[in-house]
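Look for chain A in each of the two complexes below; its partner is chain B in the first and chain C in the second.
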Partner chain A sequence: MEELVHNLYREVPFFQWIGFVPTAVLVMLACGLLVLNFFGLMGGLYTFFERKVAGWTNSRRGPNRVGPYGLVQFIADGVKLILKEDIIPAEADKNYFRFAPYLLLLGTALSFVVIPFGPILIISDLNVGVLYLLATGALSVVGLIMAGWASNNKWSLLGGMRSAAQIVSYEIPMALAIMVVVLLAGTMSVQGIIRHQEGGVLNWFLFSSPFTFLAFLLYFISSIAEINRTPFDLPEAESELVAGYNVEYSGMRFGVFFAAEFSNIYVISAVAVICFLGGWHVPLVGEVAELGNRGHALGRLLAGPPAMVLFLLAALPMSYLAWKALRAFVLDVRCKRRLMPNRLVRFNSELLVLGLLFAAIASVLALHVPARGLLPNLYHLGFAYVLPFLVFFGKSMAVSFVVLWLRWTVPRLRVDQMMLVCWKYLIPMGFFCFIGQGFWSWLWS
Partner chain B sequence: MTLVTEEMVLNMGPHHPSTHGVLRFTLRTDGEVIYGCQPDIGYLHRGLEKIAEQITYYQFMPFTDRIDYLAAMNCNLGYAIAVERLAGIEVPPRADYIRVLVAELNRIISHLISVGTFAMDAGAVTPFTHALRERERANDLFEELCGARLTYNYIRFGGVALDLPEGFLERLGGFLDYFEPRLRQFNRLISTNKIFKERLRGVGRISPDQALGYALVGPNLRASGIDWDLRRDEPYSVYADLEFEVPVGTPELGEPGDCHHRYWVRIREMQQSVRLLRQCIERMPGGPHRNKVTRKLKLPPGEHYVRTEAPRGELGFYLISRGEDRPYRLRIRTGSFSAMSIIAALSPGLMVADLVVLIASLDVIAPEVDR
Partner chain C sequence: MNAIRGIAGYCRNIYESVTTIATGMWITFKTAFFERKVTIQYPSHDPVSGRNRDEDLQDRCPFPAPFERLLGASQRRYRGPLAGMVSERYRGLLGHDELKCISCLLCARTCPIDVITVKGVRIEGRKGRAPITYVVDYAKCMFCGLCVEVCPTGAVFFTRQFEASTYDYHTLIRDLISPELRHERLQLAAAEAGEKPADQKGNV
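Let's turn to the complex of A and B:
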């Protein structure tokens, strides 16, 4: 963001005319808008994904009525929540009641500032990025306690306190797991951590040492507990009998809680991808491009005509699968248009997504070598901006799919069992990983 | 400084998301641990026993469906046997086998709901929907047989209402072939899940003496280690000719009597019911499906108590006849009533989340408690 402000002020006369500070303010407002937009979009889309994943896990389809394949469902839910009556309990502390959801929103939305979508697509690459992420994660605790207190409901208060205790406890193993990565990378900056993982899939921190593998598992489990999801959602599911912290909220106030919870899923998946799964590094094609760039003999070999042939061969099965899936989609649409029952091909919405994915992979594989030679600017644009963005997004979606999937597979832990797991198992494991990684790095230095 | 914690009275009211029906519990708790629990019943009382005194024996059969709507065939069967024994009505062998067939199929689907809602109360929703998916197949079979999916009104005095349709036994065999691997998959999904086991271990342990003292029956009793099953020990219908095991809570899963045992007894009972069903399919005799019974059925004066093994335990009908075409008194004894009564004794010391698990493990359903 700072470079953007400086560059704009230097290059564009309009901003010179306005002055430096107004430029900075405008850029900050634009970035804030971007962050909130992304927060809202992720929050909404994840409610849709959750319901679809829930449906397919439960042997049924998720929402498929509201838009094509149910995609408009989250907008319909949002509109419904906005139109609901805003009820504030009579004896509630009104100011805190109103303010509490926004603290949760803050906690989540602020994390988007350091999430990198590409080598330079990041709002601000703080050199304490990872520490900042942990800190903003802790903001939600205040919001929870405030919500529980302000509801004027004994049970909300208890539920809120229990939730807060859970989040505060699980921050420790989460931080320890991330410290393992920081130890390896030597920097807390998010882009720094990602750059340390360049050079192929095997360079990801996940595969660097057994301690980082354990740290990934530790991070994954603690982060699910951080965002209050099953198997750690007793504070909210206790609203079956007693009240959770958000029971007195209705309408869009509840919507903000909801969106914050779901965006949080995206944030923790993104952090898992940054720290352990290589960030925005493109898994296969990037390696070959890197090899070519470094002037390796193998690289130069692979970057020439043999590479083209190799990649085309790899692109063939992908194209075939893409063709099958997209043909099924087209036939399905034709049957629907003619109000015919579709007895020709088996089709579901997931097949469409897979088809598009295969088509994308096939086209990247097939075209990347000629593109590099013939259209170097476009190639550079694609590989420097578009592909890392898509890869990062795809990886975090994959991790969050696992988070969503876990909710519907596994039962809940009881409160005391949950605290036991944290303090007696995860924290010692965290220390073990941290110290072990120190020894490992020293051994292999 | 000692913390002063108040005791709060919490109402786990008739409406609550656990799907056990309209039951109410008044809990005294400090938010974490329960100090006392008082059940309040009667929200689903329909006066079935009084209704039985007003209408004829024939007319009461659909009402028996509603005693336990998840195990309607078993309730029908118990009532039919009660009336037949007093009236001296014989049942042809084919009808006997059909009755056992439908009773065991109903046991499977009743236990599916029981373990499914149990898993759902512990937090896992998917096992419930999977259980319902298996139940759909069985419901299709029942619909083909008698036209209904839940309350069947199929068993009549002297036999059953309708004969088996063409190919029914093949389709039932198909269902069993479909169901057995699904049950194994279900076990892999949730029954052997470590989190689930930790939620259930040691919760609500009922010693054998306590179980007998509170008159528990059915899987609740067997999970505490007492080996008693009416199908084997006081056989009725054709159970004496069929081979099956009776699952009992054993020390290999820990000390018997806790929720984990109650869960596993139900799973194993489903497996045994599949075995019984296969035997019924093999041995199904030909012949009439119903003996003729007089239009106006008057029972000779007398009284007796007939009990059968429904999925939720012993279902007893104490029938007093004064020689008319309607009973003088019909008392229905259900398993859920005693299960309800033990909850108050077991709850002190449990956490609130454990109470939900306990109620689910005892498989209490409201229509049986209140009739």
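Let's turn to the complex of A and C:
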């Protein structure tokens, strides 16, 4: 963002005319608008995703009525929540009660400042980025305990107290797991950590040593506890505390709580991707380049980032078409064997041919168009913005799927078990990882 | 010794938690992606034919079917018409078999809330009286089944039909004898009453 402000100020007369500070303010507002909208959209989409996963794991289908595949369901839910009455209990501490959801939202929204969308697209690459992420994560405890206290309800208060105990405890293993990564990368900057994992899947910190693998698991478990999700959703354990800290909330305030919780899933998945799964680095690019260096023909053909980018961009629609064709073929066979009633979707070879044709064109393009040749700007756009964003987003979604999947598998822990898992298992393992990784690096250096 | 036992227990705890969670997650994963969904998309799923009315709400599972069997996922799924899911003795809307009915009015009399109104006429060659109106007020009916039990010929019965929602309850007051049939029978009865010889001639 800093470069954007400086560039705009230097290049565009309009911004020179209004001055440096207003330019900075305008850019900040624009970024804030973008990120908050992304944040809201993510929260909504996660509610949809969650319900879909819940349906699948229960042998149901999940929402599929509103919009295509039920995708617009979350907007319907939002409208419902807005139209509902916003009740504030008579005995509640009204100002705190009103403020608490927004504090929780703030903690989540602030994390988006250092979450990158690509090598260039990041609001601000702080040099203490990971530490900042931990700090904003811990901010949510204030919102939760404020909500619990202000509701003037025993259940809410218990939920708030539990969340405080839980979040403060699970900060420690989480920080220890991230320390392992910081130890390896030698920086706390988010982009620095990602750049350190360049060059293929095996260079990701996840596979860098057994200790980092363990650290990933530790991070994953404690981050789930950090955002109060099952199996650690004790602050809102409905079988014990009715609904915990949000018992008294209704209408859109409740919706804000929910949006913050669901966006938190994106935040923790993004941090897992940043620290352990190679960030926005495209998988397999490094391996192909390595093959090329060793003199393999295929590697030499496919080597070079621009060629790879085009190939991968082409591979997406191609694989979609091929998938469609395969699916239609399978359905066709099943129809013929009378395993299922006839349907409109039948196998047609055009789909397959089209997919193969697309693949061929893409390969030719990828092999013969150098980076500075045809459409260099398009290359640049694809390589610097679109592809890394898609890769980062895809990886985050994969991690989030595991978070949701875990929720619909594992039952809730008891309070004492939750504390026991943290203090007796995760924290010692965190120290073990940290020290072990130190020795490991020393051995291999 | 105690220390060793403690450490072994600690490690076993970790091992067991990992394996049990992995087992559970494998089961949910299998269910999520490789199993037929049991939901019947009711308003889209035609209750009579069992087919889907909406093409876009087809019975999809995210991965192609051959994987299901490989993974041992459950194949149980109801495929027939929705009425087949309704139990055998389900008390749905009242049905009336006008060929069996003798218009004895037992059903109308036994009904505690006067749901049924029957009128019949005598027609030559038919036992009892032939019904010309059989009005059932489904809005009032409480499906107690007294009429079904009392009917001597089994003309009144419960169907398994349950789709009776409507925007206007007057549409629930239905005459189960069609107007054409009623007209025909009234004419027949009038003819019998007025010109018996001619009718007998005609019959011979």
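FYI, the second predicted complex is superposed on the first by the 349 of 445 C-alpha atoms of A that agree within 3 Å, B and C clash if a C-alpha of one lies under 4 Å from a C-alpha of the other, contacts with A are read in each partner's own complex, and residues count from 1 in each chain.
By our rule, contacts are C-beta pairs under 8 Å (C-beta built on N, C-alpha and C of every residue); 3 or more make two chains touch, one makes a residue touch a chain.
Only a predicted model underlies this, so the values are computations on that prediction, with no experimental measurement involved.
Touch criterion not met for A:320: it reaches neither chain B nor chain C. When the shared chain is aligned, no partner comes close enough to touch A:431: not chain B, not chain C. By the touch criterion defined above, A:59 lies against chain B and chain C together after alignment on the C-alpha atoms of chain A.
In the overlay built on the shared chain, the residue A:237 is in contact with chain B alone; chain C does not reach it. In the superposition on chain A, no contact is made by A:20 with either chain B or chain C. Contact with both chain B and chain C is seen for A:408 once the two complexes are overlaid on the shared chain.
Shared-chain residue A:439: touches no atom of chain B or chain C.
In the superposition on chain A, contact is made by A:330 with chain C only, not with chain B. Overlap of the chain B and chain C interfaces on chain A: residues 57-60, 408-410. Within the complex formed with chain B, the chain A residues making contact are 54, 57-60, 154-155, 158, 230-231, 233-234, 237-238, 240-242, 408-417. Listed in rising order, the residues of chain C touching chain A in the complex are 10, 13-14, 21, 24-25, 27-29, 31-33, 35-39, 41, 51, 55-58, 62, 64-66.
On chain A, the positions that touch chain C within their shared complex are 53, 55-61, 64, 68, 326-327, 330, 334, 339, 341, 343-344, 405-406, 408-410, 424-425. Put simply, chain B touches chain A in their complex at residues 8, 10, 12, 16-18, 31-32, 119, 122-126, 129-130, 133, 189-190, 193, 195-196, 198-199, 351-354, 356.
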